[in-house]
Amino acid sequence: MYKMGGLIKNMPFTFTFTMIAIIAMSGVPPLTGFGGKWLLTNALMEKGWYWIAAFAFFSSAVAFLYMFRLLQTVFLGQRKLEHAKLREAPAILLVPQVVMIAVIMVLSAYPKLLLDPLSAAVAPWLGGALVWDGFALQTHFGYWNAPMIMAVVAGVWMVPLVILLLISLTLKIQKVEQFNIVYAAERPHRPEDTHFAYNFFAHYDRAIGFLVRPRATAFWNTAVEWSYSLGASLRIFYNGNGQTYALFILMYFVAMFLVNGGILL
Amino acid sequence: MILEWLGKIGDFSLTLLIVTLYGLLVGAYVERVIAKVQGRIGIPYSQPFINILKNFFKRTAVSHGVMFYLGPVFRIAGGIGTLAFVPVIYGSEMFSNFSMAGDLFLVIYFMFFGQLGMALGAGESGHPYSAIGIARGLSQMTAYEVPFALAVISIVIQYDTLSITGIVAAQQGGWQNWTVFTNWVATLAAMLAFLGMMGYSPFDIFLAPQEIPVGPPTEFHSAYLGLLQTNRALFGATKLILFMNLFFGGATGWIELMIKTLLIYMVAVVVGVAYPRFRVDQGIRFFFKIPTLIGIASIIYVQMVLIS
Amino acid sequence: MIKSLGTEDTLENAGLSAEEQQLFSNARPKAYEPYPIKAVEDFANWARANSLWILAFGTGCGAIELRPLMSARFDASRFGVAGRPTPRQSSVFVIGGYASVKTLKRIIRSYEQMQGPKFVLALGICPVNGGMYFDSYNTVNQFDQYLPVDLYITGCMPRPEVLVAGIMELQKKIKAGRCDGANRYIENFDWYKANQKKVIKNWDMPDYNW
């Protein structure tokens, strides 16, 4: 992945689909991933599994982190020179993506289409159906009106866009290339050293990285170390020197003599 | 149906206008307070408005691509949308916005929306410092969300509802019913998270006003920056209103709202002018230690003391 | 007769290798007209004058006079002055005294990255005639040969009080609509570029740094 970067210029459609999929996956409303997370958290709360609910929340926040990293490393940032000639994926690859994205969008706006058959399918075994109030899904704690959320988000997204487009009429906007950035009054020299992707969340690693360092390796390394030192200690006795062995034999006889009828008896 | 929606949109536009103006004014006030602490006079109250106007009156701009252009749009849509899902005035149908669309979880998750769009826009600019700012901002965000989520779960158990209106309703009837007095443990955890959320010192390194030029918005200028500045005021005020609703008994009128939110804001400002800055990894470690422990304690407190 | 760099719309970017040319924009900058309605333009100028964001780029010895400007004693934020660390967002460039050739290259790059309307405030005597560096091999003597200057504040060095006075003078000039340095630069672009390239030998950036 670190060899890529800036591919949004060549593959705008792939980027858009990846972005929508990632928004949906990381559970940002209005897309459908939020519905799944909302249902899950509500179910956990109703069961009284509060700790798991807290963990679920944290994990979805962290999921957002690493999935953004995919976008930043591959599609955003600086494009490498050898990738300037890359082309968009062929239609045969794009069409299934379009279909999937369309399904995501429809299910985001009308989750009832998916949830009704699902709850009907599991009802005989688990019991308990989802409670609907119009298009809003009700649980013991809260409610979730997906079509309305979709409408509100679309509205609040369109209004600033229109404002910005109107203001753009009074502006001279120049489309620029990838190296036309503020670079502390210098100019960037190579895309490779201008693209920031490697070790992206270094602060996280510094803060709590010690929790995920592999323990097994450390354990076996310690085991190896200990067996080496044990062997080294044994080498004092088993040192390959004939005189030492002769001394051991002599000491054995002396000991036998002392035990079996010498001075002690 | 159509008329009802139009009325709703009109009411929300009014709320939006008031909250944005209030956010800008309170931002100028806070700047003046900080200036007084530093022995200065500070900016005039009109300064944030003039800054935004000036940015909209710029005559040239550059664009790094479509996503760069849309970044500020996503950001301010995140701000407006968050406000749209928060009921602003308790007991007022007019200023309840679109809070009937979703509950507290929706608001918390929707806060990511603007961050994501901004991160994408700043990423397309291709500036390495933008990317560094994003990495710092996102890391810190996930860290302070932990104590905040624990505090939220605690008060959801306490009031047995996820609806913000329901939470505010349960706190009516005098100051002794506010969450800050009934469940002070959760409030403490949430206020520590609030310090990170408002982006004042000691948790302002992701913006880094001077060093890695201004964090993610390094490349944004002209009208883009005008939108971002508007959003900063609006989103800040929205977060204050959310905290007021969850922990300080909500408000039944605009005056009450303004007094309460200003006082909540002052918590972040007092800490901000008094303490130096954390590095990001220090900030993350801070949030994972004491505030998280307080958050865990708040859930235990609710289960042991308040429910039983 | 000044040789034109490239055509009417593009610049030739001769300082860059063929490989690098695709990485930089080669568009020629265009001048902007004032708003068609005079009242709007006046209002815009009032807003611009009361929100001067200075680029935090210390060039020459005068940079040290910018620091106290924001501190408790002089507090320029009363006049709407603020520092911005990135040229994209700032509107005033304070040339702090002498400009060595090495710094001039960075000044030009930063100035071109600022978004118009933008203003240049030349501090000290050195940008006027070279001052005590008039015969230096390494500093430019007349700064307005290289970038358009909107206001000079002379002295060696002017104290922050004088700088505040100069900022207020600049505000008056902007409100009167007489600060058109950014447009002058674009209209005489080839002349300015020729002068700049005369002193800067290692020109390894595009002709206009967008």
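Remarks
Per-chain numbering from 1; labels A, B and C assigned in written order.
FYI, a contact is a pair of C-beta atoms (placed from the backbone, for glycine too) under 8 Å apart; a residue touches a chain by one contact, two chains touch by 3 or more.
Please read all numbers here as calculations on a predicted model, not as lab measurements.
The minimal number of chain-to-chain contact steps leading from subunit A to subunit B is 1.
Put simply, the chain nearest the middle, going by average C-alpha positions, is B.
Ranked by separation of Cα centres from subunit B, the top chain is C.
Between the Cα centres of subunit A and subunit B there is a gap of 25 Å. Subunit C has its Cα centroid 45 Å from the Cα centroid of subunit A. Distance between chain centres (mean CA atoms), subunit B to subunit C: 37 Å. Subunit C has residues 32, 86, 88, 210 in contact with two or more other chains. Of all residues in subunit B, those that touch two or more other chains are 58-62, 213, 218-219, 222. Residue positions of subunit A touching 2 or more other chains, listed in rising order: 170, 172, 174-176, 178-180, 182.
Across the complex, subunit C meets subunit B through its residues 32, 44, 47-48, 50-51, 56, 71-72, 75, 77-78, 80, 83-86, 88-89, 91, 115-117, 210.
Subunit C contributes residues 19-20, 22-25, 27, 29-30, 32, 35, 57, 86-88, 106-107, 109-110, 113, 204-205, 209-210 to its touches with subunit A in the complex.
Residue ranges of subunit A in contact with subunit B, taken from their complex: 6, 8-9, 12, 15, 19, 23, 26-29, 34, 37-38, 41-42, 45, 50-51, 53-54, 57-58, 60-62, 64-65, 68, 71-72, 75-78, 136, 140-145, 148-149, 152-153, 155-157, 159-161, 163-164, 167-168, 170-176, 178-184, 194-197, 200-204, 206-208.
Chain contact summary for the complex, subunit B toward subunit C: residues 35, 38-44, 46-47, 50-51, 53-54, 57-62, 209-211, 213-214, 217-222, 225. For subunit A in complex with subunit C, the touching residues are 81, 84, 170, 172, 174-180, 182, 185-187, 191.
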